[in-house]
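Both of the next two complexes hold subunit A, though its partner changes from subunit B to subunit C.
Let's turn to the complex of A and B:
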């Protein structure tokens, strides 16, 4: 196990032990800096990732356990047919404030359809969705305006909340930074890479501070670092009391999720 | 030296050593470890040092700040707070009051 792997396992151990996201990030960064300056085998310098994570928990404690709040999203008996094909049959999901729900399942099992129904973009053939509070929706792609700069996107979203230009711009850049993206360059959206455009998309969906945040595979084009940043950000939003629904086909983050809806068996 | 014994001693005074090293100015983990080694305390591994720093930070005896160094990567710099200074004075005096008689007794034993 090289230093990078050790740090990755160590970070995962801290998360598993529910160390607060920002505290964990600092501890990992400090260990990385130490290894870079002093060299040395992380196993000798820090011990096993598990044991060191346990020591850190003793030193700084863990984040308060999430107390799920009131129900924010309640979807019941959702059925959707396209022609003769039943895409969803009697799917149900309840998400409370302070929870992350993952909607998983094979390609074509209706994950995106389910999310679009939750967002109110399409109607189910049967069933009911109740949302309490403000809703944010981040589609798989699109949602950005080709000829506008990131700042102009932020101003646009801000205007919807009654923010003037400068506060809106600052809020946008700060939210982008949470995803590891410095959004200060004057590049129109059409010239951003796919991953960065997706970060813009995500940033906008969090800017309105929605009570319920619906994300449809929000990591298209992300590298590993951006992917980790995304999950850190989701956990942070969860701990602020948002209700989050993530459509995903990647299962390796399920340990950081509170509710799982597997749609593989729900249809047909 | 018997590493177990050295480890036990260190556990009792590493926080005081760190506070003392920060008395005249801020420092970061790796530099503190080097300073301790240079002073003759011996090598201090990161796994021993950083939990102590985190505890000092949590209890408000030091504050910390990430900053780019003059050269090299961003580092977490630690500074002594007023409470840290007071704890250093109090704990340092208690330590000196403790080791003086111990040294006395042990010296007699070793010399005799």
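Let's turn to the complex of A and C:
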């Protein structure tokens, strides 16, 4: 395990132990500086990432675990068939304010279909979804306009919420910065890399400050740093009281979520 | 109103950034006009109208197809269906007018003894009908190739049908031929009024159908209930 990998595992450990996001970022930066300037194997300098994270938690404490709030999304008895094939059978999910839910399962088990039903984009054959508050949705791909600039996407989405141009632009750029992306360059969406385009996609879904955020594998094309930024952002939004549902097949992040819905058994 | 204008503006921005598309939008009517340039002037002007109609319909088809994935999330962001389709239509009408103006000037310079108000009215009718027509095809057919082939069929039908036959009146751009006859051949005003009536009826019918298709596609689903924020 090299220094970068050690730092990544260390950062994940701090998050898992609910160290406040800003404090964790500060501690990781300090450790990185120490390793860069002093050199040496991080295992010899700090020990295992788990043990060092435990020491840090003892020293600075953890952020109080936010209490889950009222129910924001309640999906019950969701059944969906495509022809003779039943993709979802009686699927259910309840997510409260201040919770992250992960929807997992094998390829083709209906994860994206479930999310699109929750967003009201397609109808189920049976079941109901109740949403409390404003809904945001980030599709797995698409959902952006090839020839528009990032700022123009922010203005377009912001106008839907009654935002005027400048506040919409500022809100979009601020949300993009949380993902480690400076969105102030005049580059059409079609010239953005796959990962940056996905950041634009994600930024559009968080721009309107939704109470319920539905994300369909939002990390497509992300590098390691962007992936960490994404989860930092999700944890921050959760701590602000948002209810978040993430479709994922990366099981290594399940320790950072509060609710898991496994749809594998739902598919027939 | 702000939402509608924003959608119109973004539609225009998207289309004007596609330089190749803009060039072809101008080239298509120009080629139609040039091919008939040496024959009877009425032929070249009717071909020009058909070229404008086809160019704007094609732009509308691709604009509608390109926005298919974006529109559901704009709906979630607070837009209502009519703001999305009317905004896009407004943007396409503005683009269509921008395409038509240089060709109007071309006819003024190139041909004498025409009723120029009639030429301008016919071009307006072409643009008015073409935008919702292309959008409707784009909304009904999810893939661009199928849409383009359907558009090609309609325009070919329009070219080949005898304008005096009853079937010709069912084609969307019949109005421009009728008004062109009034403007070029100095026929009685009946041609003008029939043409204008046809264009108005077809435009309204197309807008209502586009509204219906968008209304169904972007409807609020019955399984989704919104509870008050607590």
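Definition applied: the second predicted complex is superposed on the first by the 262 of 268 C-alpha atoms of A that agree within 3 Å, B and C clash if a C-alpha of one lies under 4 Å from a C-alpha of the other, contacts with A are read in each partner's own complex, and residues count from 1 in each chain.
Keep in mind that, in the parts below, contacts are C-beta pairs under 8 Å (C-beta built on N, C-alpha and C of every residue); 3 or more make two chains touch, one makes a residue touch a chain.
All values derive from a computational prediction rather than experimental measurement.
Asker: Sticking to the clash and touch definitions up top, decide whether subunit B and subunit C on subunit A clash or fit.
Answerer: fit
Asker: On the superposed three-chain arrangement, identify whether subunit B or subunit C touches more subunit A residues.
Answerer: Residues of subunit A touched, subunit B against subunit C: more for C.
Asker: When the two structures are overlaid on chain A, which partner does A:128 contact: first (subunit B), second (subunit C), both, or neither?
Answerer: Second partner only, subunit C.
Asker: After superposition on the shared chain, which partner residues are touched by A:156: those of subunit B (first), subunit C (second), both, or neither?
Answerer: A:156: touches subunit C, not subunit B.
Asker: Touch check for A:108: first (subunit B), second (subunit C), both, or neither?
Answerer: neither
Asker: For A:221, is the partner it touches subunit B (first), subunit C (second), both, or none of the two (neither)?
Answerer: neither
Asker: On the chain A superposition, what angle, as a multiple of 10 degrees, is formed at subunit A by the C-alpha centres of subunit B and subunit C?
Answerer: 140
Asker: Report for A:194: first if it touches subunit B alone, second if subunit C alone, otherwise both or neither.
Answerer: neither
Asker: Quick check on the superposed model: minimum Cα to Cα separation from subunit B to subunit C, whole Å please.
Answerer: Minimum C-alpha separation, subunit B to subunit C, in the superposed model is 34 Å.
Asker: Once the two structures are superposed, pull the subunit A residues common to the subunit B and subunit C interfaces.
Answerer: none
Asker: Over in the complex, which subunit C residues touch subunit A? Could you list them?
Answerer: Residues 2-3, 6-7, 10, 13-15, 17-18, 66-67, 69-70, 72-74, 76-79, 220-230 of subunit C touch subunit A in their complex.
Asker: Please output the residues of subunit A touching subunit C within their complex, sorted ascending.
Answerer: Touching subunit C from subunit A are residues 70, 117, 119-124, 127-133, 135-137, 139, 142-148, 152, 155-157, 159-162, 164, 188, 204-205, 207-208, 211.
Asker: Show me the residue ranges of subunit B that touch subunit A in the complex, using the header's touch definition.
Answerer: Subunit B residues touching subunit A: 28-30, 33, 45-47, 50-52, 54-55, 58, 66, 72-76.
Asker: Residues of subunit A touching subunit B in their complex?
Answerer: 26-27, 29-31, 33-38, 44-47, 52, 55-56, 58-61
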